[in-house]
Amino acid sequence: MTVINILKKIKLKNALLVEGLPGVGNIGRVAVGYLVEELKAVKFAELYSKWFFPFVMLHENHKVHLLKNEFFYWKAKKTGQRDLVFLVGDCQSLTPQGHYEVAEKILDLAEGVGVKELITVGGLATGELESSEEVLGAVTDAKLIKKYERYGINFNAGEKVGYIVGATGLLLGLWKQRRKDGLCLLGQTAGFPIVTDPKAAESVLDVLTKILNVKIDMTKLEKKVKEMETFIKKVEALQKRALLEITKAAHEKTQKGEEPTRYIG
Amino acid sequence: MTVINILKKIKLKNALLVEGLPGVGNIGRVAVGYLVEELKAVKFAELYSKWFFPFVMLHENHKVHLLKNEFFYWKAKKTGQRDLVFLVGDCQSLTPQGHYEVAEKILDLAEGVGVKELITVGGLATGELESSEEVLGAVTDAKLIKKYERYGINFNAGEKVGYIVGATGLLLGLWKQRRKDGLCLLGQTAGFPIVTDPKAAESVLDVLTKILNVKIDMTKLEKKVKEMETFIKKVEALQKRALLEITKAAHEKTQKGEEPTRYIG
Amino acid sequence: MTVINILKKIKLKNALLVEGLPGVGNIGRVAVGYLVEELKAVKFAELYSKWFFPFVMLHENHKVHLLKNEFFYWKAKKTGQRDLVFLVGDCQSLTPQGHYEVAEKILDLAEGVGVKELITVGGLATGELESSEEVLGAVTDAKLIKKYERYGINFNAGEKVGYIVGATGLLLGLWKQRRKDGLCLLGQTAGFPIVTDPKAAESVLDVLTKILNVKIDMTKLEKKVKEMETFIKKVEALQKRALLEITKAAHEKTQKGEEPTRYIG
Amino acid sequence: MTVINILKKIKLKNALLVEGLPGVGNIGRVAVGYLVEELKAVKFAELYSKWFFPFVMLHENHKVHLLKNEFFYWKAKKTGQRDLVFLVGDCQSLTPQGHYEVAEKILDLAEGVGVKELITVGGLATGELESSEEVLGAVTDAKLIKKYERYGINFNAGEKVGYIVGATGLLLGLWKQRRKDGLCLLGQTAGFPIVTDPKAAESVLDVLTKILNVKIDMTKLEKKVKEMETFIKKVEALQKRALLEITKAAHEKTQKGEEPTRYIG
């Protein structure tokens, strides 16, 4: 049960999918979310899944909504631009098999509306106080380095990291299996996974807007980041709390040193 | 394997589904269970699932029954009332994906017998000694606030809580995806998840009977709550114990400081 | 993937399925396994499943075999006896959903070869040094008490225990959902789950042979129990060790107090 | 979702499948991997699965690839040799049901290209400082001992170990269910699971090349083992780290001794 609700039927030409789901420093979520708002991209599909956490969020104090991933599109306005699809959302899957199943559904939808290339956006937590503003890159095929190196991306990502987890990595890997081209952009952030880093998001946006050949107003970024951060942190805190409730249940009894119980079976 | 056994084929008109499964303070389970008994609603379906705990309960000392969820119906007796379906049960699913799969099956059945609207009933554990008797509400769509605010529901639930877990939340969220209307009623309870709170259940029943436009005798509530509580607590205790047995198995060996063992593969 | 290999096609009349899988005190496994040997019942099917542990056992120092459940049959020799199917095996499922899925497959096979009634055999760990030799019983329907009470079964099992876990309980509960009759026999044992109790097995065998109206030589029971115990304990020990290896992997790093690592995604 | 990408359609005669996936001492992975290189076997299929870890590896600092298992083939060059299929890979499944599902897919592919017999290669961690160079063996059928004992294999493996976990054991067990012949070779290694042991790999290769009747240059083994080890260790370390991140998330809160939180449902 991974369901995609199509809100509007669209057909794009040679489109590019840009993914930004919650992750390290929420760099992808924040950068791509800001791009969606600034470009006034239009929502055309929603994905929800049994692999997400089983709860609903409350908006405006009274409206419920399921955890979901959302798809937006934006049509090229002039030569040198491409039709774009954006993927943002509340969360990623809870389990490994969920990650694979949801990623395949996302790529099926993307291919169906005319996506030909993929850019995933994530973060690298360096654990250092001062992080470089350099954006790291990884690709599905060596030929793409030539295409993208002029944007100042450091393609020696492998020196700092040996793998890319979750949607940022998996979408790219599964896309490669479909014999298609893809790029991953990683912003570097000092902090821990749940600290949103607007500076790292800005570095990535800088590269991303050049690749996409779009201009956006960056002055509202910090304010927007604060707003988004509040929401993203809430989802994360809730997931942790819920996980904790589940874990605690099984352990409560032992801690109380209860008397031996009868067991049957 | 989530199976619904239809005991009686029914067809209702513009019906309302009222859900009350075990949860915080067991407020939903107790309130809706009491309503089922007082209205003498008729059981028409049972649901059991591989996502429930794999054991049977013993009734009357010798009769086994699977953990299950049960559906009852009640037909409108006069103008101003609606046909009703009630969902109560022994337990909820053990895993996130189970929650989604069982919730979808429940909504499929509901739609099939003519349900058009949904009310889920749950609880909010405030952690405060004195809890307000005010019932909190959340909706699938802002227009429903106008419809329901005259019943004294506090629709600023979001000020106290950011999410609703399990069936109470998920049924509502998935119902909204089907473009249908739904309401969640949350009683406030001081205590912990497994303490059944008859006062909070009474507050919710008060609102619920007004919405449903039915009259019931509330004098037996406290006695009934005690009876139900015994059973509900038993299921919860058994689930915890069983979870514990599973967890313990893997850890027993280390604690005994056993000698290193040969390993192969 | 729960596969049943049919070794021999059979068709029985009004047959009775007797289940004895590993569990508390291994009472069911030992009692039913002994019955299979003494009656020289014939193996006609094997079940293996992705819900069992992923390893093979080594027999006679060099032959591998998958963990499996086995079905044997025995045809009535005289009036007053019934055709019998026996279910014994190496293990039960690892997960709740596995329990349900495997139990359904077992009951499908049983119905297919002509089984009309079910007896499951398990144990109750009392935690007391001296256990009663009385066999406890539970049924799918009150009418069965009349049929079986003459065999000296205590049908107030519910006074000592509120539930029956695993195959012993679940097969009975799912069988009841198919509107069929079933009985559960529980031997009482002082000890812990992994201690095989031949005395409790003998008490159950005593009742069981009377119900089945068969005579068997009980003198070899203790010796056979010792042999079976060695094998059953090996499977259990291996499962625990394997579970432990999995659990340990995730915790090893923290214990070593390793330096912070780079994280990406 | 376990997908096999066929890169080249092949049809072999009476072929033998030789499996070497990561495991104890990585003996199978290293021995079979070396054989693939030395024989210049040709890759004809790749398998990836939702049961593997959800991340991509980075190669040459910038190229991503999914975790996968790979199939190579080699055609007999002279009388006394057989067509061969080799299975090597980055990882095994994360869960028991994954192990069974992936193993079945592998055997389906093998049967499809003409495989008639199976040899799986693994390791036994003895926990002793000095390990014997003797290769242990296990078989699907006693008749195979006669066929293989002349290669100096010790078929009393069961004296040292009672079971074989993961792909090395499970492929053999499931292959036996298909009524086909198979052999398992286990090298003995002193060390722990993640320490690659070139000496044990050499002992196994010695036996394996005799069985396969092929000659390979063994002088590069130690160097190659070092190269492979770096990669295999990286995958293992990453899997552990990722598992740890998941586990940690749920526990972080309790350790901080956070104040009680509101709970709803």
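Which chain is which? They are A, B, C and D, in the order written, and residues in each are numbered from 1.
The rule is simple: a contact is a pair of C-beta atoms (placed from the backbone, for glycine too) under 8 Å apart; a residue touches a chain by one contact, two chains touch by 3 or more.
All values derive from a computational prediction rather than experimental measurement.
Trainee: Considering only mean CA positions as chain centres, point out the chain farthest from chain A.
Mentor: C
Trainee: Specify, for the interface formed by the sequence copies chain C and chain D, whether it is same or different in terms of residue numbers shared by both sides, with half as the dividing line.
Mentor: different
Trainee: Return the distance between the CA-based centres of chain A and chain C, expressed in whole Å.
Mentor: A distance of 47 Å separates the two centres.
Trainee: Taking the mean of the C-alpha atoms as each chain's centre, how many Å separate chain A from chain B?
Mentor: 33
Trainee: Which residues belonging to chain D are in contact with no fewer than two other chains?
Mentor: If we look for residues of chain D contacting two or more partner chains, we find 161, 163-166, 169, 245, 261, 263.
Trainee: Write out the stretch or stretches of chain A touching chain B in their complex.
Mentor: So the residues of chain A in touch with chain B come to 1, 3, 5, 48-66, 94, 98, 234, 238, 242, 249-254, 261, 263, 265.
Trainee: Per the contact definition, I'd like the list of chain D residues that touch chain C in the complex.
Mentor: 93, 96-97, 99-101, 103-104, 137-142, 145, 155-159, 161-166, 169-170, 172-174, 176-177, 182, 184, 239-241, 243-248
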